[in-house]
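Across the two complexes that follow, subunit A remains constant while its partner is subunit B and subsequently subunit C.
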Partner chain A sequence: MRSKGLQAYCFGLYAFLYAPLAVMVAFSFNTARRNVAWKGFTFQWYGALLRDAELARSVATTLELAVVASLMAAVMGMLAAYAMTRHAPFKGRGLYSALLNAPLMMPEIVMGVGLLSFFSRAGVPLNFWSLACAHALIALPFTTASIRARLLSLKESSLEDAAMDLGATEWEAFLQITLPLARPAIISGALLAFTVSFEDFVTSFFIAGIGIVTMPIKIYSMMKFGVTPEINALATCLLAITIGFLFIQRFLDARSRLN
Partner chain B sequence: MEPDLVRRQGALDRGLSWLIRGQRPSASHILLAPATLWLLAFLILPVASLLSLGFTHRGPYGAFEWVFTWDNFRRALDLKYLPILIRTVCYSGATTALCLVLGYPLAYFLSFQAGKRRDLYLALLMIPFWTSWLVAIYSWIIILGREGLLNGLLRALGLPPIAFLGTSFSVILGLVYFYLPFMVLPLYASLEKIPRSYVEAAHDLGAGNVEAFLKVTLPLSLPGVLAGCILTFIPCMGDFLCADFLGSPRTYLVGNLIQNQFLMAQDWQFGSALTSLLLVFLITGLYARHRFEEQGLFEESE
Partner chain C sequence: MSDAPLLELIGVAKSFGAAKVLSGINLTVGHGEFLTLLGPSGCGKTTTLRIIAGFERPDSGKVLLRGRDVAGLPPYKRDVHTVFQHYALFPHYSVFENVAFGLRIRRLPEAEIQARVTEALALVKLAGFADRRTTALSGGQMQRIALARAIVGRPSLLLLDEPLGALDLKLRRDMQLELKAIQRRLGIAFVYVTHDQDEAMAMSDRIIVFHQGRIEQTGTPAEVYHRPRTSFVADFMGSANILSARLLRSYEGCARIRVEDEVEFDLPREEAPPALHGGELCLAVRPERIHVRYEEELPLRGDCVSLPAVLTDTVNLGDETQMFLSLFKKSAKTVVAASMDARHQTERQDGTPVWVDIRWKDILLLEPPPVG
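== the complex of A and B ==
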């Protein structure tokens, strides 16, 4: 069944997945204001992006949010993954693990309106920190899964047992063996978490306070305002960043599998 | 070092080692405390807040009034809104079916790849998945718009333009585009796990390619089919961006209705009732997934 037909079909499907991305990149260099025909090559939309002070602010906000949220998700994910892989199984571990994965399956609008209604009823201010905490929860399944897989494979290597046989306490073995060996998985999980927060629109859309404009929210309002090639330029930059992050993440992943 | 300090360090080390060893459930509870706190504050309580709000009466100007009522749910299911609910289920069902039909051959193809080539194909599948949805929607507007690329092509061929945007076609196209990776990855994960020797055994016993596929590969991939369908159908039910940008009020889905209740109409009680209906689907899906095999989407895709 590894026929040429199947292969051709799959390439067609990939073409479908990449067609919009290709269009976006191509038209970000188009002189025409309206995205119909090719009029000529230009960098002017990228120049316009650089001059947009509001946009620069939104990029800074998005980056700050992603850093804070991914750090929180990495720490929580590490602790949770450790308890779930190394400790004696506790009651309800299966349910807990399902709960940890729930944000992945949840339609994001449920998260958004749920947080909005809870925050406003509980009097939680809608500010940078409440948004960062919410992003950390959305990103948590990604860090937990990445670190959990690594800790499970480390467990089989019994390097920690060897360290303890040589006189290390559990804490020392953790600090000198487990943590350094788990580091690539922690970083790779944190990078995924960073991407999740960086790209998040729906949740932020509902609970970002008035003063907080993340980049996806900015893109949304640009789109509502109308078609402009600046969005193509911005989207192309975003795509480049995302691909860069995924490459680093996959590289780290491959490395954490090798040793 | 002073003996006091040494003793204190020893105690600290013992305490940390106790946490690491974790033979007592309380050690697990301490390590899980931050995640639990987050799940409670940013998942469980918000969901509880929605569920409870759906059953309360809306005061003047959208004020919260703690009077129990079924009205919001009755309203969600009355003739004015029922078509939107039905449309949402139909669109999500159609999207799921299309993703399954389109994605299965791809997942099947991927399961035969190995090494660097497989990693590349998987990475290529992940990139659109990780790209901002808004950005992809914007590109689809460029392609499908009245003066878009597709209509330009039609015009060049001497054909009349077609209004793609605003139709159920473009909304479902957008949904299929977004959710295809959600379907392919779990399918791939379950197909990849099927030992090649099973299929070879079927061949040895005289089965043809088609028969071996229908009797061995397909049944063994059913957990992946189920996981993929749940992961596609449920997020689809809550989508509002596709219908917002690629559709028109005639194709609005429950997500658009919910967004409107919370951000425009300020009828949070009704919006909560609608969201609770989505949660019913979510919980059914989670339960079905729990009952069948555990198929992590992201663990196995690595």
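== the complex of A and C ==
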């Protein structure tokens, strides 16, 4: 029967997708040092994580980066989306919008190499701020898309027209109507940008200067000695955080569509 | 300056890309007047409204507000407010803050804002609603809030873009009367856009009929209805039988007309027929002005044209009976007559020969539609 076959296919697909995650989560609670056999339940690896100062520093760096990069991407995304939705169709708008989305399509390795050679040519020191700029660049398509969709639906409802009709200048209408009503989309876009920056490895690997160790880079270096239960525990934490973020983001998206 | 009309558009034209939306629009709005822009969708009436409001800039022509050209001014520099089609209430503000928006932008003192918003809400009969959220209101209530928000700043001109379009029929009728009453009471001039000719007839001091980016006719509701100038206006305002006709001869006070290249008769009339293109014109008769007479009945008394016809179909619509008549042998065109008379409600067999009586004054001679 058709549905039996489909069921089996779906089951197989989801097993393939999620079994590795399940194994990883399970082994993060395993007492054994090796990921081979189940010996018993423990929280010890989570404790070890907390005591690892180097790891803690890399997590802090990653969080700081993600906050700065998502703020930058949110501000730039708002400006870009406003330009694309509010102003009379300007010449090259299609190209502008395609270029904004390019980082989505571009292989990350190309971005990494490109940014590295650009920064070294331009004499920009490789530090926290140059890395933050790079992250903002990768995250920009996400914030722009989210805010743009919201601004388009706002435009449909003539709310800004109504504000200007009642005497508000374009700037006043932006501050009092557009910005508050676009806020859920801005936050939702910024959350996406946050996760993009948080988990970025390739770009960071290329342009992180000396002394800047983000968490993904730290995990990579830990893995050189094999996948330890600490790494499983760390990945499990990241998984939990990511799922939490996704929920918040979906919730905000739904709310921004409802109004 | 004070004798200038409140608003005057002179030769306004507008295109969007290759599409010409408006050409050569001239119109005036007097102080306190209720003017309706009427026409089918896509005829340019909403674009005209947006040009008056300042959301669109005309390609050419002048927009004079009290004699001053405002064509280049943004919306916030005109004391003209708009009631939008879908209300456009601010969802993140309460009813009170929605109405107060324009006053807060103008930084009026708080006490005055309180007083004026309260007054405006009372005027639209929503006095108790100040603290509600706008998202929880019905369509009719949102419409009233939108109206209160637009009039609270006491504009000299209010623009309304199909404001009742989203309401059901019963509520529409009530709101029409109420809007008209509010307009009279405030003495604010209204420019009202609609595609509903009944609404236009019920509310307006004057109607401007739009068609394909041009003004077809301007006049009071009675003028536009009873003396349409073009076949489009005759058909759009109520319904009309439109027939092709040719003016054969014109004597003093009398014209010989040939209809659908077949039926000829003399039509006495005082005014000259409209400007003609080689004698071609349009003849329009409203269905309710056609009297259908059975052979055994006496002709209509007075000045009328009597023509033989064949009854091809009868449709009963409750009070009204519609009769479809064939007057011509060569043309397949049928003429519709409508009657409230009970004697037409008894079934007559299709194919019954009848007489059609039309009073001279009910025969409208119109400009034919432009060719192409």
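Quick note on the criterion: the second predicted complex is superposed on the first by the 251 of 259 C-alpha atoms of A that agree within 3 Å, B and C clash if a C-alpha of one lies under 4 Å from a C-alpha of the other, contacts with A are read in each partner's own complex, and residues count from 1 in each chain.
As a convention for this text, contacts are C-beta pairs under 8 Å (C-beta built on N, C-alpha and C of every residue); 3 or more make two chains touch, one makes a residue touch a chain.
Owing to the predicted nature of the structure, the values given are computational and were not obtained by experimental measurement.
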item: Which of subunit B and subunit C A:G167 touches, first, second, both or neither; value: second
item: Partner chain(s) touched by A:P180 [first = subunit B, second = subunit C, both, neither]; value: second
item: Which superposed partner A:L79 touches (first subunit B, second subunit C, both, neither); value: first
item: Comparing the two partners subunit B and subunit C, which touches a greater set of residues in subunit A; value: B
item: Touched partner set for A:M111, first subunit B, second subunit C, both or neither; value: first
item: Touched partner set for A:A32, first subunit B, second subunit C, both or neither; value: neither
item: Touching partner for A:N101 - first (subunit B), second (subunit C), both, neither; value: first
item: Subunit B versus subunit C as contact partner of A:I248, first or second or both or neither; value: neither
item: Subunit B versus subunit C as contact partner of A:Y9, first or second or both or neither; value: first
item: Contacts of A:L50 with subunit B and subunit C, given as first, second, both or neither; value: neither
item: Shared subunit A surface residues [contacts with subunit B and with subunit C]; value: 169-170, 172
item: Residue ranges of subunit A touching subunit C (in the complex, touch as defined); value: 157-159, 161-170, 172, 176-177, 180-181, 259
item: Subunit B-touching residues of subunit A, taken from the complex the two chains share; value: 1-2, 6-7, 9-10, 13-14, 16-21, 23-24, 27, 34-37, 75-77, 79-80, 82-84, 86-88, 90-91, 94, 96, 98-111, 113-118, 121-122, 133-134, 136-137, 140-142, 144-146, 148-149, 169-174, 195, 199, 201-202, 206, 216, 219-220, 223, 227, 231-232, 235, 238-239, 242-243, 246, 250, 253-254
item: Sites on subunit C touched by subunit A in the complex; value: 53-55, 74-76, 80-82, 84-86, 88-92, 101-102, 105-106, 135, 149-150, 153
item: Touching residues on subunit B, where the partner in the complex is subunit A; value: 13-14, 16-18, 20-23, 25, 27-29, 31-35, 38-39, 41-43, 45-50, 53, 64, 102, 105-106, 108-110, 112, 119, 123-128, 130-143, 145, 147-149, 152, 177, 180, 209, 213, 230-231, 234-235, 237-241, 245, 255, 258-259, 262-263, 268, 271-272, 275, 278-279, 282, 285-286, 290, 296-299, 302
